[in-house]
Every structure is written in C-alpha cells, then in structure tokens.
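Next up, some structures in structure tokens.
Here chain A shows up in two complexes: once beside chain B, once beside chain C.
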Partner chain A sequence: MIWVNAILQGVLLGGLYALFAAGLSLMFGVMRFVNIAHGDFIVVGAYAILTAIVTMGLPPVLGVAAVLVLMAVAGFAGQYVVLNRVLGKDILPPILVTFGMSIILQNALLEIYSADSRKLPTGTFETSSIDLAGGLAVGVLPLCMFLTALAVIGGLQFVFYRTALGRMLRATSDDPEIVPLMGGNNNRIFAIATAMASLVVGIAGIWLAMKTQFDPAAGPARLLFAFEAVIIGGLGNLWGTLAGGIILGVAQTLGAQIGGGFQILAGHLVFLLILIVRPKGLFPRMKG
Partner chain B sequence: MANRILQALLALTILALALAPLWAGRADLRLLMEVLAYLALAQMWNLLAGYTGLISVGQQAWVGLGGYLFFALTILGGVPVFAAFPLAALLTAVLAVPTGWVAFRLQGAYFAIGTWVIAEVYRLVAAQVGALGGGSGISLPVAVAKSIAETRMGREYVMYYIAFALAVIAVAGVWLILRSRWGLALTAIRDSEVAAESVGVNTMRSKFLIYVITAGLTGLTGAFLFFQKLRITPDAAFSVNDWTAFVIFIVVIGGIGTIEGPIIGTILFFALREVAADWGTWYLMGLGALAIAVMLIDKRGLWGAIHARWGLSILPVSRNLPD
Partner chain C sequence: MTVLLELKGVNKSFGALRVAQDVTFDLPEGQALGVIGPNGAGKSTLFNLIGGALPPSSGQIAFDGHDVTRTPASARCRAGVARSFQIPHPFVGMSVFENLLVASSFGESGHTDPEAAAAHILDITGLRHRANRHAGSLTLLERKRLELSRALATGPKLLLLDEIAGGLTEGECHDLVATIKDVQSTGVSIIWIEHIVHALMAVVDRLIVIDFGRIVADGDPATVMAQPEVQEIYMGISVEDAA
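Presenting the complex of A and B:
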C-alpha cells in the first residue's frame, strides 16, 4: 500500500511538473528556443505571490491576478525588447542571454529576499485531505494542483487548435519565414507566445509557493524537471508533456521510497533511460 | 607589424609566467594558479562550443569527475599523485564516451540542458559514495599532499607549474589541433555544418572526438583544482556556476571561436573580480548583464570584434590564399 500511495502522490506531483513544463514546451514549440532562466522565472512567480499576499496583504484572488498579469506583461516586454533581437539560426545567443538572466535573477532574489527558504502559508488548504478506499488519502492541495495542470493544458490545447491566434502560432512553428509573407508579424507572435508561456509560469510559481519550500537558488532544478517532462512526453505534444510530468513525478516518489538521496536521482535516471530507448520521447508530434 | 608586437607581448607574458615563482608572492601565485586553470577550462569549452557548435552547460560533470577520480585514486587506490593526474583525465575521457552516447541524442539547445542533467546525475551519485565522504565530501590526507614536496613553499611551486603546464597544454593543444588537417575540418564545421558535410567531413565523428578530448582535459583541470583545494564536496565539484557559467561568460565576452578570445576573457574576468568581488551579488549580476550586452551588441565578443576591425591575430590559425 505504501507503493500504491507513492505512485498516487507521484501522479499528483506530476501535475506540478507538467505546469513547470507547459511554458517551456510552448516557447520551444513556437520559437525553437529553450529558456535557461525558465526555472528562475517560476521562482520569481513564487516570490511575487509571497510578496503580494504575505507582505502586501492583498486578498488571494487579487494577489493571484496581480502576479499573473505582471508575469504576462513582463514576458511580452522581455521577448519584444531583448529576446527577439537574439533569436535566429545561431542557438548560442538565446542560450547565453537566458543564462545571463538566470544568474541575474538568482542574485537579485538573493539580494531582495535573502537565502532563507520560504513557503506560502495556506492554512487548512494544505492540511485537509480526502480519504479514498483502502486507507489511501489524497491531499486537497495536490489534487487541486493536478486539476490546475489539466485545465492549463486543456486551455492551451484549445487556444492552439481552435482559435485564430493558435493557427498563427502553429503556422509560425511550422515555418517562421513564410508567416511574414502572409501578413503575420513574427516579433509580435513570439511576444504573444512568451506572454502566454509567462502566464503559465506564473501559475506554476504560485503552486510551487504553496506546495514546497523554495529559495533564490531553486530555479535550475525546476528547469531540469520541466525539460525532462517535455523530452519524456515528446516534443510538440502538450498532453505528452503532462504524461512526461507524471512519469517524472512517479519516478521521484518511488525513488524517495528507496532512500532520501534517490528521489531526484531516480527521476533523472528514468529520463535518461527513456532518452536512450526513445530519443524522440514517448509521444512526439514535432521534429526537434 | 601589430601582430608581431602582440606576439612578442604574448611571448614575454609566457616567460614572465614561467618565472612567476621568482617574482610573485604566495597569494599572487595562488591567484595565478586559478587564472591558469580557468584559462584551460575556457579553451576547452571554446574548442567544444566555438568550433563544433556543441553548447554544453554540463562541463561541471568533467571538473567534478576529474576531481573525484583523483581523490579516489590517491586515497582509495594509493596511486602516486603524478600518476593519478593523467589517470583521472583518462578515466574522465573514458566516461565521456557513454555519456556522449546518451547526450548526442539531443540537439542544439536540448543538448545543452541534457548535459546539465547528466552533470546532476554525476553529482547525486558522488553524494552517494560513502567511501568518499558522501554528501559532505572528503579531505585529501596530509601524506598525499606532502608526497609532492616536503615544504609548504615547495608544494606551492609544484602546484604552480602544474597549473602552468595545464594552461600551456590547453592553449598550444587547441592551436596545434586547429592548424592541423583536422582543424581545417573543425573550422569548416564551425562556419557551416552542412557545407562541411558536403565536402566530406565526418562531422559526427569530429564532434564526438572533440567532446571526449575536451572532457579529458577538463577532467585534468578538475583534478588539479581539487588537489590544490585539498578538499572536495559534491556541491563544489559539480557547481554549474563555478565551472560552466563563469567559463561560458569568459569565452563569450572574450570572443568565441578564437584562441585569443578565451585568453582575453580570462584576464578580463579576473581583473573584474579583483576590483568588484566585494560587491557580491551585484558583481554576479553585472557579469550576467555584461554577457547579455555582448550578445546584443556584438556576439563575436571582444577579440572577435577586434579581429574583424583591424585584422589582428596573435595565434593565427586561418589559411590565406597564396598571392
């Protein structure tokens, strides 16, 4: 029963990883670009909600709204002002610019918030649970987190395949050189994609703040989890990314049953194993 | 003419460095060792990323492995220090073969993050090795350190010349590789992978070989770095900031895809650090901003821009058509 419970908790944790990964997957899908500072932006989101609710005392709904708007606007502006200038055939400039951003963000957070680990207190939300058959129980918070991941990915899927904006994003993903010929503006489309990704990053950051302890250096590990979920699931497939997150989450909770030191290691090893067996991931829909 | 002057300057610098124990104090010697070790790391990353386009964010894997293998060989295996250095480098290169076999399944930016994941795997595994202190690390026994020289000053001299040799091997090695037939292939890959492939360069094999060679030399540098520190922990050995982020910043600010670039970048990095290290987090933020600025203003970096503007070249590797 311990193992069944570990798997159940792992699936729910996978929801958080899918949230981490969705933004990364979206940006890669549209721009063929990996944001090294992705994890740090998630942590920025976590500190932002902490500041809004604990320091400024905003009501939760208002705090969440403020963080999400802020993240989306920052994403749009960052893409327009900086990243659009370095995107191109050469992959080094975007990697380097986001690496630089990662170092800047980590040290800025350290300067503002100190190195202490923090967590967003949520009262009874994090302690209540629902009993299932056979002595199993799921926490209300992890369950809501998982449902959020389902909603976010469903929402992105809807935007991508059912709206005019989604058609534009998919067209840019297929061939960024043709889209301008048809009257599209790549820079604007990229900025919109990053704004959407940043919104998801904000959501991920808020759940991170409620679910676990975090500190200014927590970003890189989140980037690696997000990356692993994307690769396991297969490029260009958002539901695959959810599956990737779940596989990673389950691997980690099962690894934790073996010993504390094995939690993260087990996740990485499962990722490498899948990379060896299925280099394109489990459900690829797009060429790398 | 300007090239000749710069070459003479380089020769003088090398001479001064070769004689450093005569003029430098203990603290200066320590700083120089670090500078030379970073120069070796920067040349290796530059050879990998600048010429084969393999952008690795996981070089800390090799630094850490080199260090850990050196400690394992000397402490557990009783191998003499001077045999342990080449052995640690060789074993690191051997481990790079299966590692590359996995990492090469990913391309471009995904390769970059994949190498980082693999470095994390090595870090987490190192933390599980109880015989080497697990997560809290291990110190080198005094006897091992004393085996290279009895006196403290003697040890400093020996260590300095190891660092000096490392940097010379790295710079001269890259220079010789690039001037060889194989270097021509690498330069072709740097300029256009498709074109290189079309004229018969086996790009995959060249890339893999460079990956393994740079891993070995980076491992050697790691062995030296932790021999000098006399203590190793998983977090220090596999630090992404110390062994990869700073190295990338050095190469990119100095000028990627040139031999001179990493030299200039290393000098600049340490000059900045001496001035600004007390600013702590602000210094690191400034470094990140500087790297971003280089990408936005001129991604060829300092030396790349100088070379393009004035045609200077201290260690020429390009071929000119005969008149």
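Presenting the complex of A and C:
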C-alpha cells in the first residue's frame, strides 16, 4: 500500500511538473526556442504572489488575478521588446539572452527578497486531505494542483486546435517564413504565444509558492524538471508533456520510498532511460 | 481602365549583380499578364519586389493607388497582393481546409464567413474533396492547387503565380489552366511567371519578356512571341539558324 500511495502522490506531483513544463513546451512549439530563464520566471511568479498576498495583503482571488495579468503583460512586452530581436535562424542568441535574463532575475530576487527560502502560507488548504479506500489519502492541495494542470493543458489544447488564434499559432510553428506572405505578423504572434506561456508560468509559480519552499536560486532546478517532462512526453505534444510530468513525479516519489537521497536521482534516471529507449520522447508530434 | 499595379524605374542590385534594371510597367485591373524569360533573368526577383519580400534599391511601386515601395510583405498581402510559390509551401501539419482558414484570418480578407469562403474557393480550385486531408499527404498537383487556393483565401486583388504549372503532366496542366481562367473571371488580376509557354498563352492577355533583369518585350502575347529577339533569347534559337 505504501507503493500505491507513492504512485498516487507521484501522479499529483506530476501535475506541478506538467505546469512547469507547459509554458516551455508552448514557447518551443511556436518559436522553436528554449527559454533558459523559464524556471526563474516561475520563481518570479511565486514571489509575485507572495508579495501580492503577504506583503500587500490582497485577497487571494485578486492577488492571483493581478499576478496572472502581470505575467501575461510582461511576457507579451518582453517578447516584443527583447526576444523578437534575437529570434532568427541562429539558435544561440535567444539562448544567450535568456541565460542572461536568468542571471539578472536571480540576482534581482536575491537583492529584493534576500536568500531566505519562503513559502506562501495557505492555512488549512495545505493540511486538509480526502480519505480514500484502503487507508489512502490525497491532500486537497496536490489534488487541486493536479486538476489545475489538467485544466491548463486541456485549455491550451482547446485554444491550439479549436480556435482561429490556435490555427495561427500552429501555422507560425509550421512555417514562419510563409506567414508574412499570408498577411500575418510573426512578431505579434510570437508575443501572443509568450503571453500565453507566461500566464501558464504565473499559474505554475503560484502553485510552487503554495506547495514548497522556494528561494531566488530555485529556478534552474524547475527548468530542469520542466525540460525533462517536455522531453519525456515528446516535443510539441501538450498531453505528452502532462504524461512526462506524471512519469517524472511518480519516478521521484517511488525513488523517495527507496531512500531520501533517491528522490531526485530516480527522476533523472528514468529520464535518461527514456532518452536511451525513445530519444524522441514517448509521444512525439513534431518533426525535425 | 484603372491601374492596379504600377512599377516605375524599379532597380534591384545584389552587390554588382543587377537583378532588376529600370523595370517599368502598369498592370490594369483585371488583366492577366504573363512573364517569361530564361532562368536567372530576374522573374522571381520581380515577384519578390512586388510582393514585398525584397525592397527595391531604387524606383517606386504603387498598388491600388498607394505607394507600397517600403511596405512590408505582410501589409501588402493585407492590401491584396497574394503569391503562390514555385515550390509549394503548405502548412503541412494542418488540413487543406485549415490552410485556407489561416490565410483568410491572417489576410484580413474581409470574409464575414471565412469557412463558407474557404469552401467556395475549394470549389473553384477543385480541391473540395480533399478539404479534410492533411496538406502533407497531397500529390504535387493538389499541392499546387492548395497554393493557389491559399493565395485566394487571403482575398487578393492581385495574384502572383510563380511557375505553378511546372512539373505537371500535360493533362494536369490543362486542368490547371482551366482553373486559373476561372479565377481570372472572378475579377482577380494575375501576373503569371511560367516556363510552359503554351499554358501561359492560353490564359494571359499580355506578355512581358525579361532578360538580365530588364524588360525586353511587352505587349500582345502572339506579337511578343513572334519577335525575333524574343525567340532568340527565350527559345535559345538564333533567327538565322532557324531560317
């Protein structure tokens, strides 16, 4: 039963990893570029909600709304003003720029919030749980986190495959050189994609703040988990990213059953194993 | 007759290479203009200049009464210039129908019902039975028809066709010519670059010959083709040899 419980908790933890990964997957899918500062943006989201609720004392709903709007606007502006200038045939400039952003963000957070690790207090929300059959129990917070991941990925999937906006995003992903000749503006579409990704990053940051301790240097590890979830699931497939997150989460909780030190290692080992067996991930959709 | 497109003294150089030299012509609304010339003569460059993919080194381009010399390709497309490519570039991950919807939403074609408009275009271009197929799975002829359909979905006033008949069999070519005639009859002006001269001659009202980036002949297709210098340049036969 301990093992069943570990798997169950791993699945729920996988929801958080899928939330980490969804924004990364979206940006890579549309613009073919890897945002090295992705993890740091998640941590910025976590600090933002902490500031909104603890420091400014906003009611939770308002705080969440403020953070999400702020993240989306910042994403749109950042893409327009900075990243669009470096996107092109060469993949190095955007990597260098986002690497630089990562360093700037970590140091700025350190300056503003100090190196102390923080957590968003949520009262009884984080301690309450639902009892299941056989002595199993699921925490309300991890469950809500997992449901959020389902909703976010389902929502992105809907936008991508059922709306005119999604068609434009997919067309741009398919052939960005043809889009301007159809009258489309790549820079604007990229900015919309990053705004959507940043919204998801904000959601991920809020859950991170509620779920675990975080500090200004927590970004790179989140980036790593996000990467692993995306690669395990297969590039360009959002449901695959959810599956990747779950696999990673389950591997970690099972590893933790073997021994405390195995938690993170088990996740990496499963990732390596999948890379060896299926280098394109489990459910690849994207070619090239 | 209203002039739709006007090129005045357009030049384009890549370093010392002059790919367009003093190109000047008007395209009246509704006309189908054919463009021929040897490989490397600057025909595709002409399309890049008209479509906005390349800025001219000097000269002016006006479209629909507005100077568009410095207007980017995306804005020119929205103004009504659409282009089909020599090598089809469909959005391969999407269905044929979605390819058209993308073009009509980007192109701000003004279709109040983009889906009905897309279906109508597929009727004209004969691709309706392939509407739900993945664009990547089409045959060459179907891909060429998709290029044409997608260009039409942007709601163009001017359609630029770049060797759309290239690589097709005689029968396929014949069908495509009929389709292009249908498109022209809807009031769209056409500039068509083509090596398959008989296909071109079946459609166009006027013919321009380009060589070394320069317009060397311009006029009624039959008259232009009969000119000895055109035969020499284009057909590669010297008039004395032929005599």
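In this text, the second predicted complex is superposed on the first by the 287 of 288 C-alpha atoms of A that agree within 3 Å, B and C clash if a C-alpha of one lies under 4 Å from a C-alpha of the other, contacts with A are read in each partner's own complex, and residues count from 1 in each chain.
The criterion applied here is as follows: a contact is a pair of C-beta atoms (placed from the backbone, for glycine too) under 8 Å apart; a residue touches a chain by one contact, two chains touch by 3 or more.
Everything numeric here is computed off the predicted structure, so don't read it as measured data.
Trainee: If we overlay the two complexes on their shared chain A, which of chain B and chain C does A:Phe160 touch? Say first, second, both or neither.
Mentor: neither
Trainee: After the superposition on A, what does A:Asn185 contact: first (chain B), second (chain C), both or neither?
Mentor: Touch partner of A:Asn185: chain C, not chain B.
Trainee: For A:Phe76, decide between first (touching chain B), second (touching chain C), both and neither.
Mentor: A:Phe76 sits against neither chain B nor chain C.
Trainee: Is A:Met168 in contact with chain B, with chain C, with both, or with neither (first, second, both, neither)?
Mentor: second
Trainee: Residues of chain A touched by chain B versus by chain C: which partner has the larger set?
Mentor: Looking at chain B versus chain C, the one contacting more residues of chain A is B.
Trainee: Sort out for me which residues of chain A touch chain C in the complex.
Mentor: Against chain C, the touching part of chain A is residues 164, 167-168, 170-171, 173-175, 177-185.
Trainee: Along chain A, where are the residues that touch chain B in the complex?
Mentor: Going through chain A, the ones touching chain B are 28, 32-34, 36, 82, 85-86, 90-97, 99-104, 107-108, 110-111, 220, 223-224, 227-228, 231, 261, 264-265, 268-269, 271-272, 275-276, 279, 288.
Trainee: Could you pull out which chain C residues touch chain A in their complex?
Mentor: Its residues touching chain A are 51, 53, 72-75, 77-78, 83, 89, 91-94, 98-99, 101-103, 105-108, 150, 154.
Trainee: Can you list the residues on chain B that touch chain A in the complex?
Mentor: So the residues of chain B in touch with chain A come to 49, 53, 55, 57, 102, 105-110, 112-114, 116-118, 120-121, 124-125, 127-128, 135, 240-241, 245, 248-249, 252, 256, 281-282, 284-285, 287-289, 291-292, 295-296, 299.
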